[in-house]
Structure formats: C-alpha cells, structure tokens
C-alpha cells in the first residue's frame, strides 16, 4: 500500500482534461520525481493530489485514507506539505516570520521544529530577521521549503523547486531534499531538470500529455535509451 | 539674531499644530491603508466612518455633561470614546456583512468595491446627518490649555508665546499610544502577523490555514476603531460638523499614498508629511525672518510661498504630484 | 419581447412622476426639476461615455462643470475696461510665464530621465523659479485688477459674446482641461485615477475660489445674460396677460413657467443632439473598439490598439459634455458661484445616476439623470411626509419627534446611498442595461 498515491487521475482546470488516468505515488522516506516535457501535466498532477483542482475520475489516497474530497487546508492538517513554484514566501515578512506562518495551524510550541529547519538550512538562521523578499532566489526557495516543513508533514510536495536557480544552488537544494527524505518524510517532486532530479530519485514518473509513459526507478529511467533520447538529450 | 523667539514662533504656529493635525491624519491614513492592504480597495467611506465615530462621541459626551459627569481637566469625550469605538466597530461589521461580503464571494473587480464604498459613504453620511443634524457641535470641555501663551512668556521671558491646547496634547498622546498598540499587534501577535501574511500573499496565507473571514473581520475592527478615535480627536480639536469629514478624505488619502499605501509606517509618516507641508508652505515667514535677519533686511510683505487659502489645496497638490511621480510612495507600499 | 418596451415604459413612468409633482405641488416646481434633470442627463451621458464605454473612473466631474460655468462667465459677461487697463498686461505676462515654466520644467524632467535625484531637484528648482517670477510680475497687476470697483466687478470680465456661444465654449474649455489632465493621469490604475481626478477637481475649484481677478472668486458673479426673456419683460407683454386670463392663472406664474419651458426647450435640443451623437458613436466601429478595450485591455494592447490614446479620446469627449452642461447650469442659475461646486452633488451624485440608469446604455444615462435627480429633490418633501406619518403617534412636543422631523430632509443622502447599494447588488446593470450586440 503506497503511503501517498494519486490513482488513475483524470481531470483539468476547466472543461478540458489535462490528466488522463494518471497515477503517481510515493513511499515514506522515498523521493519520487515527476518529469516530462512542457505541458505534460506534471504540475497539474501534483496540484490534483494537493486538492487544488477537482478530479473527474480517479482518487487520492494517503495513509490508507481516501482524501479525494478534502480541501487543501484539510490535507495540510492530515500531514501534507506543499511548496508552490512561484509566490511561495511572504516577501515583506522576515524569514523567521515566514516559518512562523508556516506553522500557523499548529497550536503547540514550534521552537524545536524551527531549530530543525535552521539546522537544515544554516543560511536562514543567519538571515532570520531579514525580509524574505530581499533574499536571493536560492535562499528564497530554502525559506519556501522550510515554511512547508514547519507543520512536520509526512509528505512534502515540491513544484519545480529548482526553477530559475543556478546549478550550484540546485545541487545544494537537492542535497537538502535527500536529507529531508532521510528523516522519513515522503518527497514528491515535479522537476524540469530531469537528469539531475532522476539521479536522486527512488522512483521516477515520466508523463507525456497527461498520461504515464514510463514508470521505474530513477536509475533505470536514466539508463533507458528511449527516455534518454526523448528527454535527457541522448 | 533672536533665534529663541524665531523658534518659538515656528513652534507655536507650525510645530504644535502640525503635530496635532499630523496625528489626526496619521490615524485616519492608518485605517485607510490597513483596509487597502487586506481588503484591497480604497475605502471612500472612511471619512464618514470617522464622522460616525465622532457623532457617537458627541452624543455620549452631551449625555455625560448633562448628567454632571466629567473628567476635570481632560475632555469628557475621552470617557465617551470606548462607546464610540464599539459603535463604529459594530457599524462596520454590519456593513461588511450586508454589503462587502457579497463582492468578496463573487470575486468582484477592484473598481466595483470603489463604487460600492461611495454608496456606503452616502448611507453613513446620511445616517449621521439624520441622527445629529448638519450643524456645528462643540463638545470640548475641560481645561482649554496645557500651557498658555502668557504663562510661557512669563516663564521664559521671551517676546513670543507658545501655547499648547489641551486637545492638541490629548491628540498627540492618544495617537502615540494607539500607534504603538497597532504596531505591537501587527508585529508581535499571531493574529497580527496572519493579517500581514494575508495582505502579502493571499494564496499562500490560505494554504497556511489562515482564515480569510477572520482576517477581514479583524481588519474592520481595527479600521473602525482608528476611524472613531481620529474622528473624535479631530472633532475635539476643531468642532464636530458632518460636512468636514468628506473634506478630510482627500488629505487622508494623500497621507496614505504619500507614505506608501499598504504600509502602516508609511501612513504615519505620510500624515505628518502632509500636515507639516501644509503648514510650512503656507506659513507667513515675516515674523521669523524679522527675528533672524538684521533690521535693515526685515521683510515688508508676509513672505508666504502660497497664500493661506491654499492650505487644504496643498494636500491635493501633493497627492496628485505623488500619484504621478512615485505612486508607491515614500515607503514603497503595494501598487497591487 | 418585453425588452423592446422597457425603454419607452421607463420613460413613460418618469413622465408620469413629473406630472404628479406638477399637479400636486406646482408646475413651477415640476419644471425646475425637469430643467435640472435635463442638465444632469447630459452630465450623466458624459460620464457614461467614460465609464460605460471605456471603464474609466473619473471623479472629477465637479471640476469640469465649474470650468463650463467659467466659460459661461468669460464668454458672456461684458469686459471691464478699467481692470484690463490696470492689470491686463501683467496678468497676461503671468500666464505666459506659467506656461513657459511648465514647458521648461517638463523638458528638464524628460531630458534628465534616469538621472535620479538630480532630476527631482532641478525640476523642482525650475518650477519654484518660475512661480517666483510669475508672482513678482503678476501680483501687482492682480491687486490692481481686484481693486477696480471690487464691490461690483474687481475682475477682468468676459468677452461680451452671446450666451449660447458660451455653452459651446464650455465644452471646449472642459475638453482642453481634460486633455491636460488626461495626458498626465490616465496611466494610473482605476482607484488611483479616481483619487487623482477628485484631487485635481478640488484644485480647480480652489483656484476659482481664490483667483478673484479671473471670476471674482467667492464674491460670485451675478446677472449673467440669458438666452430667454426675463420674467419681468414677459409680465408686461400682451400675450402673457391674455394667456393668464384664459387659464385662470396668475401673470407671474405664467411668466415663470414660460421662462422655464423656454429653457427646457433649449436644453432638450442640446440633450437630443448629444444623445444622437452618443448613440451613433456607440454603434460605430469606434464604439465597438472602445468596448473591446474595456473588456480586455491586455488583449487589445497586444493587438496594437493604442489603449492610452483611445482612453484620452473618451476622456476628452465625456468631459466636454460635462463642460457644456456646466455652462448651461450657470446660465440657468444666472450666477457663477464657485463655492456651490461640491463633490457630493456634482461628482458622486452623477455616478449614482450612471449606475442606476444603466452603464453603457445612453438612454439609461438619461433615465438615470432624471430619476435620481427627481428623487434627490423629492426626498425632502417625501421624507418629511414619511417621518411625519411615522411620528404621528408621538406627542407633538417630544424631542425625538422634533429632531426626526427636522432632519427628515437629510434622509435623501441616506436614501441615495441605499438605492446605489441595492442597485449595485441586485441590478448592477442598471435600469436600462447595456445592450449586447
């Protein structure tokens, strides 16, 4: 039984379906990566699993519970964390305040969790009193991920976390993501940088036009000649 | 060179009135800017909200005065203030529930809110005039001066006197207390931070579990309280006349925009910038220059940059200039 | 099917309401209302062109109305030769200097683009220098002009031309102001545009109130010439006396009604011209393009339609209409009173008319002008009647009753507000919605 799975998802934003019976899932402590060409429906699949669009067919199951009907805020309460691709911080608020807001639904003392986030992203500790909008792209992404971690989620979903950052920052971000997975959190990631993402993935999903085209371990996909030719530049 | 006398003239005619008027504008602008940053529209009804609050203060004060209750040296209206604040809050919450909520639910465009707030402006304005009538009401009592001009002259031996009216002192003290309270709320409390988060990034705030209707309600509560206080202080300082509050709307918008709409710090700064600009630019520098310059150079004419009649027009001029040149204002507020 | 009859039906109801007033109060009152309704309708048409066609929020109507009134004064009043002799040249020089300052400052502003702080300081400096020079040159002249028989004139006077010409002039003056105001402020977002136009209109009124040499400021200008006969002349004429005899009415009444009817006739002609022009514009390709821009500005921009230029056109046309109405209003009043231009009455009330009548529909604008003005005026007697009926139960001397009855007149403000809110919520398209084509 998968920890989190979106089974045979069919749906879209309006009357046109973007996803056609697409399945994406992830286990505890595992890193699952969704790649594919532009317009393949990668972000749409993730947003469907988060509840930001209604599914016409299929369902989403987390920890054995059918959560297809739940609103995003309710899924957050169930243990889901989501890092949007853009507008993912509160720019006028400090790093520390961003983390506080991330933990808004928690009523207990969040100091320990914040400490853990600072351990994971030491730079944020230095800049904790700086407004998030003044940070560099990579640091802002760290704030965004840290914000999502504040609810101590069981599964963390990231929508193209390395979009627009330099290769060095991307490597560092991926290192952190591996560390997060090691703590037992399930990681589901949509990525444009397919090669680097699949290199750290336990499971990879290649979507084309809203359908599953290839599903295998990250390693296997990287060596698959068809996949290499189509998406990884040979 | 008589610096002390020159400074006293400036203090008496520019500094003290500027601090009082600036505080009133700052409180008004703070309310407008909060509504703008959370509810995302320019509330044209804010002047009438201030009028309503002032009206409640006047009515309760009259009742207190007739019952022989007073505050000695301080104006009795301070006792009436909590009632006025409560009443204005209830009015605003009612109006939000009956009027604005519908447009939030239907995701109406920004312009619609603007025109709706005109309707609210008419309604509250009519209500106030209907209840209390359009004429001038003076409800200030207690001691008139904290320091009288004559006493100042006696104390310092200077030629010029410096007077501080009780209402000016009350205005400034109240404004300081309220501003500190609001800033503490916004920066140190969980609810206040959730308001700032909502204003910063609405989608992310919703995702974080922040309840939008609660944020909206708190915003109205604070804005209404600020309006009631600003209106009452203005009415104490000058007098209560429903008509004046429509006129105050533009200087208040000017203050909010100059400071940077959506920025609370900007609203406070903007209030004082407008107030002091009005006073400095229309001030007759003749006396001051007479004290500062040697006798041969003493000016004949009033030495005003712009005549006194242009005082209020000046805030409009500053507003228009800021809108055209730097709409984000001094503290780079939102341009939504 | 019903839709076809909606427009005529609404107007018929309006006519019936006016007839009721005529019968139960007096025909004089009814006709006064009609005249102001006609003028309001033209203003509403002007606003509708800006808002209904193009989605522009202009809160500066008060200023354009006043400028129209100013035109009426400048065209129709006789010149004051002594004032011209005393200070005419100084004032002209001052005007030239102000225009020169504006041009120079604008050039400096444009040339120094991107030079940061230097730009602000130099432009400010040039403005300050210009203002100082102007005051040095013009101040003595202004003082001289204002001291010429200040009780009766104290200003430069007008050109002494026929009054109806001033209506056209009102349009042009307003159009000119709209050009300047539009150029500088149409780039702003909707609520900033609203605030800016409100602020600018306040500045215009301020200048009119304080620059006595132009139009006597708050001393007002009385005795404006008019295009229709005076009541006194009529009362002396034969046919009026005979008519009064026939109808069994007083001579005074007949004369006043005749005057009002004459105005009504003239105003109706102007209204019909504007209505016809507006309808033609609405159905033309130009009108369709305006609506396309309104509905999707981003797309229109991408298609190469010069959005800002179109907005400016619309802004000028609508404001010109308001200017004409302003001139007509001043002529009707017979006097120019700058202090009477209040934003509530001249700006916001017109907006209520546009919304209630139906934005985007010209007939709606006319209807809105009639209905809202009608209720604005009639709220006072109606409100009084309403309150008196409700408080009939209370004792006559009770403080509450006196208070309520006294303030019943102010109910109209509240009534207008509630009408606007109700319309916006339940019938945002107005009484005569925009017709989809």
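A, B and C label the chains in the order they appear, each numbered from 1.
Assume contacts are C-beta pairs under 8 Å (C-beta built on N, C-alpha and C of every residue); 3 or more make two chains touch, one makes a residue touch a chain.
Just so we're clear, the structure is a prediction, and the values are computed from it rather than from any experiment.
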item: Chain whose average C-alpha position is farthest from chain B's own; value: A
item: Centrality ranking, top chain (CA atoms only); value: B
item: Inter-centroid spacing, chain C versus chain B (mean Cα positions, whole Å); value: 30
item: Computed distance of Cα centres, chain C from chain A, in Å; value: 59
item: Inter-centroid spacing, chain B versus chain A (mean Cα positions, whole Å); value: 47
item: Residues on chain B engaged by chain A in the complex (per definition of touch); value: 190, 193-194, 196-197, 200-201, 203-210
item: List of chain A residues in touch with chain B within their complex; value: 72-73, 76-77, 82, 84, 87-93, 97, 100-102, 104-105, 147
item: Contacting residues of chain C [partner chain B, same complex]; value: 55, 57, 120, 184-185, 188-192, 194-196, 198-200, 202-203, 206-207, 209-210, 343-344, 348, 351-352, 355, 403-404, 406-408, 410-418, 420-421, 424-425, 428
item: Contacting residues of chain B [partner chain C, same complex]; value: 41-42, 99, 102, 110-112, 114-116, 118-127, 129-134, 246, 250, 253-254, 257, 307, 309-310, 312-313, 316-317, 319-320, 323-325, 327, 335-336
